[in-house]
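By written order: A, B and C. Residues from 1 in each chain.
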């Protein structure tokens, strides 16, 4: 019996499996380490409170980008959330609605389309007719990115609620829309919030859809119809710039963005556990 | 095969306590008792299936041809090859054909000769009384078969590696009466070639197919003896209470 | 029965609202396909669909545009990144779901998910300032110098050892897509019933044999789904690639040398595109990129339905 050879292979595969895992984890460790050590030095009071200094001058901060990130992402969440929730509810609560099959197909298709194309689309659809780059167009691009994620999450959490819950509500004499709004959605609150937060985290890290929509803006702006800055955009622009201080701030922005996304992901997980 | 003072701990609780059971060669030994009495736990200790669960600890000895299967240096892989197992539910490998399912154990040891594999598959399927039903579709997926056929595939697969002992854990509990009948009929023939230990919650089944029966209760073996004697004239009143249907 | 009287119009309004929202989603998707195709019409008209697809020139001054270099760039980078990422991703999935003790498995799974949560630009940033110098000094230059001495014919294949180019982009891309492949594979492996493993152990299999012959085949649907998701990600990945690949829209590509992908050329040139034809050509590239993504997803769906086993089925 070639038992020894079989065991040898068994042992070798253990080594390979852990080695493969290590190959995955080591770069992650390096990235996290670098983002932290390089970024922490850039995070100071100015970073959070000042607009960028002119190129090459040094100093300045990320205030417009930080504010812009929140403005753009929250607008996107409002739009994407509404459409995603609507679609998700339709698919889960009205299972035999004729719109469901094409809607599910569309959700899958949208989910598989690269984020940069959302930016192109928002450019053609919003930027061109409105005559200029705007935070709103960036939000539209990110909203489209969020829709399939939210739709799928919503449908999934509603699906796992027992059908008896709906019947119980209907038996009380509640109309169907009241059952959905006051019984089903509250019962699925945790999972829905998780879906929204995951979509937010996914979109908030994207720079590609913002390149030619929100475009970037060195000045603090709250105007949704004007260009606006965002952390991912700023990281990109600074990273490929020749100025040492900008590069330093890019690391700072990367650290800040990574922390924000991790926090969002953490909240998403917690919301799910709370139910 | 026999066990000496076998105790199986799940964490701190003993699921089986101090069982000494002789398993006679080329006979069928049935383990009966109410659910949770430790009969399945005991069975799985015989071919070291508990090794896969880190919280399980075994004390006592399980002797196979006079050697303790839990002795240091004994390889569970070798033991499981000598002591095969059939589970409660049929477990065909869904990505494999009927043929590949049956010869899966031979592939493990690197047997590749087509003729040899075919010969073993035919022999095992015949022994499992399935050959006539599947001989024309050996390359079809095994999951397309009925539950009873799937369970006989599992038996054929276990037989293909020519084990000395075959452990069966309630092999008919998930099957319909006709498939159950087919498998019970099979057992009588199988014992010509292999020692069988069968766990069953069905007393009639134990009475029909086995030569010896052990009655388990709360992790202990209450009584062991020839099946006929145990069912007609139990020595222990708890055995009597169980076989007359007063509990369990 | 108040509810019946007041419920019916309420229900009608509510469903109508949902339908409007659903229709909007569908409209957005349809509009997107239409706009990209329509936006690219000038380019398609000027060069013809196949002419544009197979055209190898990308010259804004001469107003000559063809998508072939970018299509090739996308296909090469994605395929190589996937090839690099697949085994480590699978190994990590096996380690987490099968080999490691529970606490370690959960920790590793968490870290791998973290890898997916990091934004693309952060990978790009790390790539530029950490990976590129590393690759340049310790991989590309030694190899280049060696080939200059021993195999001059290789130099053209290798390309300029500047660090910025195909090799760095592919390495970062591989790293970025690992979590997608790994997490789906992990879930699928966890769904393999214990009875399947036990049945193989009972035949006298070693742990690896159980993994190789039972667990992986059973989980193949999920593993494949992960591979496709990773491939789709690689095809569409923009920022990190744009920052590292050097953005040269010229064939032929070399191992170290600059290149471009469909996504990277859009990111790189769109905001500064001059003239209608270049803009239209970039939109046309976007349209082709969308077709490619759709094709990958459709083919994947088709194959997945054939591969899935048991509860792993979608």
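To be clear about the criterion, a contact is a pair of C-beta atoms (placed from the backbone, for glycine too) under 8 Å apart; a residue touches a chain by one contact, two chains touch by 3 or more.
What you are looking at is a predicted structure, and each value in this text was computed from that prediction instead of being measured.
**Q** Which pairing of chains accounts for the highest number of C-beta contacts?
**A** Here the largest contact count links A-C.
**Q** Which chain maximises the distance between its CA centroid and that of chain A?
**A** Of all the other chains, the one whose centre lies farthest from chain A is B.
**Q** If you average all the Cα positions, which chain's own average lands nearest?
**A** So the chain sitting closest to the middle is C.
**Q** Please work out the Cα centroid separation of chain A and chain B, and write it as a whole number of Å.
**A** Here chain A and chain B have centroids separated by 53 Å.
**Q** Taking each chain's centre as the mean of its CA atoms, how far is chain A from chain C in angstrom?
**A** So the centre of chain A lies 17 Å away from the centre of chain C.
**Q** How many angstrom between the C-alpha centroids of chain C and chain B?
**A** Those two chain centres are 49 Å apart.
**Q** Of all residues in chain C, which are in touch with two or more distinct other chains?
**A** 206, 209
**Q** Show the residues in chain B shared as contacts by 2 or more other chains, in ascending order.
**A** If we look for residues of chain B contacting two or more partner chains, we find 77-78, 108.
**Q** Among the residues of chain A, which ones contact at least 2 other chains?
**A** Only 6-7 qualify.
**Q** Using the touch rule from the top, collect the residues of chain B that touch chain A in their complex.
**A** 75, 77-78, 108-110
**Q** In their complex, what parts of chain A are in touch with chain B?
**A** Result: residues 1-3, 6-7 of chain A touch chain B.
**Q** List the residues on chain B that touch chain C in their complex, please.
**A** 47, 49, 52, 77-81, 84-85, 87, 89, 91, 93-96, 104-105, 107-108, 154, 157-158, 161
**Q** What does chain C use to touch chain A in their complex?
**A** Answer in residue numbers: 1-4, 6-8, 10-11, 13-15, 17-26, 28-29, 31-32, 35-36, 39, 87-92, 94-96, 99, 108, 111-115, 117-126, 128-130, 175, 178, 182, 206-209, 211-212, 232, 235-239, 243, 263, 266-267, 270-271, 282-283, 286, 289-290, 293-294, 296-297, 301.
**Q** What residues of chain C sit close enough to touch chain B in their complex?
**A** Residues in contact with chain B: 195-206, 209, 213-214, 217-218, 220, 309-310.
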